[in-house]
Structures are given as structure tokens and as C-alpha cells.
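Quick one: structure below, then a few questions.
Every chain is named by a letter (A, B and C) in the order it is written, and numbering of its residues begins at 1.
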Amino acid sequence: MLLFLLSSGLIQAQEDPARHLDSLEKKYSGLKDYLVDVNVHFDVEALKAPDMQAKLYYKAPDKIKVESKNVFFFPKEGGYFNPSLFRKKDFDVRLLERLTYDGRKAVKLRLTPTEMNRHHQGFVLTLDTDRNLVREINTSPSEGRTLRAVIEYAKFADFELPVHIELHLDMPSVEPNGMKEFGSFSQRSKRITGKVEIAYSNYKVNSGLSDEMFKETESGKLK
Amino acid sequence: MKLFWLEIFKTFSRWRTYIGFGFIALVVILTEVVMKWSTNEIMFRMMRSLQKDFLIFGNLLNGWFVTAFIMNSLHFHIPFLITLVAGDIVSSEATSGTVRLLLIRPPSRSKIITAKYLASLFYTAAIVLFLAFMCIFLGLALFGSGDLIMNFATRFRIVFIPEAEIPVRMLLAFAAAIWSMTVVTSIAFLFSTLAENSIGPIIGTMAVVVVFFVLGNFPFDFFRTLNPYLFTTYMSFWQRFLDDPIPWQEIARSAVILGLHNIGLFLIAFVAYSRKDIKS
Amino acid sequence: MGDSPDKEVVLRTNGLSKKFGRRWAAKDLNLEVHRGDVFCFLGPNGAGKSTTIRMILTLLMPTAGSIEMFGMNLHKKRSAVLSKVCGIVEKPDFYLYLSAYKNLKILGSMTRRIEKREITEALEVVGLKARAFEKVKTYSHGMKQRLGIAQALLTGPELIILDEPTAGLDPQGTKEVRELIRKLSRDREMTVFLSSHLLSEVELVATRMAVINRGELIAQGSVSDLLGKEVTGYSIDVSPLDQAVELVGKLPWVEVLSAQNGKMEVHIEPGHSSELNRFLVTHHIEVSSFSPHRTLEDFFLKITEGTSEI
């Protein structure tokens, strides 16, 4: 009985949920940069837009650049693959459950930003433990917005990189201009709900992107 | 047709006619120059809520956006400029006494009044087209081209229109804007046929437009029920050409309702003027 | 000059009436204007002259009656009729922001295509050619009046209607308008229909006239016919003058007003004019001329006061 209890404790000690993040980080430690063609399809009621195309450049740990001939909207969270987003040191990790996802073993982890990173978003990750792949990202409800990203991967130059991300949005609407409304006709703000599908193709991995090309001001992303 | 061109000649021989064009040029130039200076502030305000969730790239503050932005103020200043001419075109003949020379000519009163009405409509179209020309050409020169983001705030929608589609949509939007402004023309014209001076029609028309507009925007149940009966409710139907998908049925309905207003108002003016005793 | 029933009637009104509210401004007017007439329309202020002219020129809709011009009903064939008519109602007003030339161009071309030459000629007739391209707002009242006549002449109408054409003009201007009216009738064979308060002027130009009072027609006919009735003053050329004066002075129904230069001015009681003529002849006085002598003003005042039966 005592042996069973002791061994359980030992097993539990070995099941530190944060180690999954370690594995993830290790898996992509060799990914220095990539560039990829992006196609974004919006299926959001409050946002009518045609498919948008752009070229996305990423350099570890957190640089991105987007090149597009036309206006391009890109979801801030869950829209592009950044393995540095889920570093163990930035979060307190708690195992929520073990499950099977697409026929593979997976865990659901709650990532809560540490004190030092209070400004960061919290997540619930569904991690495929067999392949060390983040299959789903759910943002913690914040300011009334929730987001769920479902990710599919394919192999490019030894790295499993996303080929399709399906983002499910539920967020407050844009603020209307004009008079505040009241009375029985005052309209409650509609929420932005829907789906954004992002397809990635033509990855070029570790092509040696320089820091210079990422030197743009934050607001330079939009004119 | 000859009468129509004579009315056009008379209208455009008066300096008062050019007040509208000068005013529009001034407003557009000022607005666009200020917008050019305040690009960052405008974009921040415009995209504030979207920027929480999206990274936005590209030339959003482009000539098309500026054009749409200025067009949104259409229902304020354009009606006034229209009434300066439409409210004057008949009554000024009475004020100046030229009606006594005009109506003893062989052309019938019905032809004369129709020619004057068409001249008023021509002026309306000219002034809106001038607005379009100023907005688009100056806007494209200052801000360049790009896709158009339309924020239909009252419907809680943002619509994104690709650059390639914009010219045709803008053309249709301006055509619709002209059509909606013709109702203001018709009201001013009717008042002008009934009055002996121009001040009454100008003030009267603006009063009608403002009152209807205000009534239509009161956030009370009672006034909401009046909305379908107010012509101002339909006057912004030009915006629907910048929506996706374009609600053709709604546009057609608005256009027909405004058209019926025009027909009715003109018919009243027509009959009143045909039977009017010229005592002045 | 008497009425000529064979002359073409260019303007005829049948029972023409106009009511404003309860007041009849014109009632049952039956006017007849013959071709070539200088037809004067007389009446006190508020009698209905302007109302009548406005109805004829379609500025007012008649309450009853009809108007025919050139044998055509005005309201059925308005365009055809008015293409032969032109007029001025009250003072002529123009587009002040345009030049005289442009005003005439606009007004004239509403009737037919107008050549530049025609505009220039019309302005020359009224003495405004030198200022053709100045804006009308720089014109004096007299110049505008002349311009009004120019626009009336421009399309070569057959009937010209003038409402108070000399109103506000100085004596020189009045004379010019009077001469112009005579010229139009004589040289251009135009029919002129005019209203005026200046009876002395009317007397000098009118061939036929009508008198209206309180909206009703009270007299119409040639000037000489109308003035011939109830004439009491006469101018008689006699010889020997002294003898004639002595003889006539004895008659109780005659008053000698003046006698000089072979001409005797007398006042005869109504109905005795032919008797006087016979008296002089039988007393061997040579009578070379026996002319009735009555002013339009006398006639006008008398009939509008309702003291005469016509």
C-alpha cells in the first residue's frame, strides 16, 4: 500500500505539465526564421472581406513582417506560428485533462501568465503529446473576447509547421459612432462571431532573414 | 430643350450659383489637408477596436476612404447649397419682375416650369459630381489608392471592398447620392413656385430637411415608427453600394420611394404654377 | 375715322371676367381691336385695366369668358397666338445680371430663333445700341422702358400690348414713346393696344379706345365717334366774323367763347349744333368749317362719373 502511494507520488512528480512546454520549445529550437505565403479567408458576420493574401516573414523569437499589395488583416493571436509564445518561464502551467485528439494522446494545459508577465494573455492549449504539437489554442476570456485556434500541420524542412489555422472568434463589436441610444429601441452591441481560416503555403525555412527587414515602427504596419 | 438650356444659361450666369462649388472646393481641400496631417490619429480612431484583435497592414487611409468619409457629411451641407439655386429658380423671377416677360412668351407655363425643374436637377447633379471629382482626385493625389474599409457602425459591420471594385461602386454611390439630393431639390423647387421671394423657400426647405432628419434620429419608440414615412430615412441609401453584398432590393426600394417623392412634389409645383395668377 | 366693320379683328374678348375673392375686377368685357388700330384702354385707378391686360397676356386666368386673337382661341392655341404678340406689363423688368443684348437674346429666342442682327436693330430703334453689352442693372428707368419696347419689337409681332408705357418717364421720354407708337402703327403696320392715364397723350395717338370703370366696359369705339357725342364746344370758321359774332350772340342757346382770325369758338347747348349751322347760312354768313370741339378728358371724366348715357 505504502509502495503504491510512494510510486504514485513519484509518477506525479514526473508529470510536471510544464515539461510539455519544454518539449515544444526544444522541438522548434532550430527554427530561426521562415517566410510563407498566407491566405486569409473571413467568415465573420460583422466583417465582410474578400480573401486576403500576403507574405509573412517570421524571425525567432518574436519578429514578424507582412508584405501585401493590398490591405491585409491578420489576427493578432493564433494567426501565425510562433513557437516562442509558449515559453515555460512566462507561464504557470496546470494540467487540466488528458484526452485523445484526432486519435492521438493529448493534454489540455492551462497557461496563466506569471506575475512578471501579467500583461500577457492566458491560454488553454491542447497539445498532441505524441508529436509535441499545439493542436488547439484557446485564449482565456479577457475583455469579453474569446478565441479558439485549431491548427493542422505538415512537414517542411524537418519542421512541422502549420498549413491551416481555423480561428473561431467571439468578441465585442466595433463601437458605433453617434448618439448613445436608450429606450426599448436601444440596440445591444452585436458581437463579432465567426471564423477566420488561414492557409499557409510555400514555406521557406531558415533562409537567413536579417534583422534589418523587420525594422518598421509598430504603426508602420498600417497607413 | 431650348428652354432647358436657357435656364441653364441664366442659372450659371449668376454668381450665387458658384457659391456652392466654391464652398465644396474649400471644404474638401481643408478636410483632406487636415486629414493628411492627422493620419495617425485618424487611423487610430478608425481602427481602434479592430486593432485589439487584428494586425492591419496596407494603405487604409487612401483617397477612396477620404471620399467616403466626406460623402458621409452629404446630408448636412449639400442640401443647403442645393436650396440656394433650386429655391430661387422660380421665385426670383417673381422678385425681379421678369416673370411678367417670361410667361407672356409662346412656350406654355408647363414647358417653362419643366425646364426650370430640369435645370434645378442639372445643378444638383453638377454639384454632387463636383464633390465627387474634388474628393476623388484630390484624395487619390494626397493619399493614394487602396482598398476601402467601410465601418457601418449602426449595423455593427465592417466591410472591406477591394480596390478593383471601388470605381464602379463609387460611381453608383454618387449616382445614388445625386438621386437622394434631388428630393431636396424638389422640395425647394415646390416652395419656390409657391413663394414670391427666395428666402422663404431656402429657409423652408432647410427646415424640412433638418426637422425630418432630427425626427428620424430621435431614439424614442414613437419617432422610430415614423421612420418609414420620412424621406430622410432613405437618403443615405447611396452607402449601400459600399456594402457587401450590395442589397439591391433595399437600394431599389429607397430609390423608388425617393423617386415617388420627386414625382409628387414636382406635380404639385406643376399644377400650382400652371394655375397661378401672376399679380406681381 | 370711324369704326370699319370690314377691318380684321385681331383681338376680341367675349364676356371676359375676373373675380378675386368676392370682388369682380373685370366683368363681362367685350373688346374688339382691329388691325392697324392704336387702341387705348382707359379707366381710373383700380378700374381693371391691368387685370384685363394680364388676362389677355395669360398672366391671369379668366374667371369667365374667352379671348380670341387672329381668329384663334387664346387658351386653345396659346403658342400660335402669342408668337404674334408681345407686350409689356407695368414696368419692364429684366435679368439685371445680364446685358441688354443677352436679355433680348433669351427673351427673343423663346419665340423663335433670333439673329444677332435683329437684336442690334431692335436696340438701335430704341437708342440703346451703344450700351448693348452693359448689364441692365446699370440702366436708368427710362432706358429699361426703352429696352422693354425693344424686346416687344424684337420678334416682329403683329400685336403689341403696352400697359402704361409712359409711366415714370420724363416729358422727353414720354414724347419718344408716343412717337414710337405712331411709327409702329404707321410704318410697321402693327396693331397697338395700350393703357394709359395720360389722356392728352392718348388723344394724340389713339384711333380707337375703350373705357372701363369698376371692372365694366362703359364705352368703346373710335375716338372721333366717342368724342362726337355730346360735344358742346365747336370751332367755326366764318366770314364775315364780326357779323357772325353779332348774330350768334343773340341766340339764347349759344355762347361765344372767343372770336379771332376768322375763327369763332362757341359753346352750344346739346342738340342745337345743326341749327346753328343753318342759322348762319340763312343769314348769309359763309361757314367754311364747323368742327366739334371736345377733349378726351372731358369725355373721360363725364362717363366715369356715370353722368352720361352712351
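By our rule, contacts are C-beta pairs under 8 Å (C-beta built on N, C-alpha and C of every residue); 3 or more make two chains touch, one makes a residue touch a chain.
Predicted model only: the values in this text are computed from it and were never measured.
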If you apply the touch rule, which chains end up adjacent to both subunit B and subunit C?
none
Give the identifier of the chain nearest to the protein's overall CA centre, each chain being represented by its own CA mean.
B
If you tally contacts for every chain pair, which pair is highest?
A-B
Find the chain most remote from subunit A, comparing centres computed as mean CA coordinates.
C
Between subunit B and subunit C, tell me the centre distance in angstrom, where each centre is the average of that chain's C-alpha atoms.
53
Subunit A to subunit C: how many Å between their CA centres?
101
Distance from the CA centroid of subunit A to that of subunit B, rounded to the nearest Å?
48
Which of the residues in subunit B end up touching subunit C in this complex?
2-3, 6, 9-10, 13-15, 96-98, 100-108, 275, 277-279
List the residues on subunit C that touch subunit B in their complex, please.
54, 57-61, 78-80, 82-83, 85-98, 102, 106-107, 109-111, 151
Of all residues in subunit A, those that touch subunit B in their complex:
45-50, 54, 66, 68, 70-77, 79, 143, 145, 147, 169, 171-179, 181-186, 189-190, 219, 221-223
Show me the residue ranges of subunit B that touch subunit A in the complex, using the header's touch definition.
39-40, 43, 47-50, 52-61, 146-147, 149, 151, 153-154, 156-160, 162-163, 217, 219-221, 224, 243-245
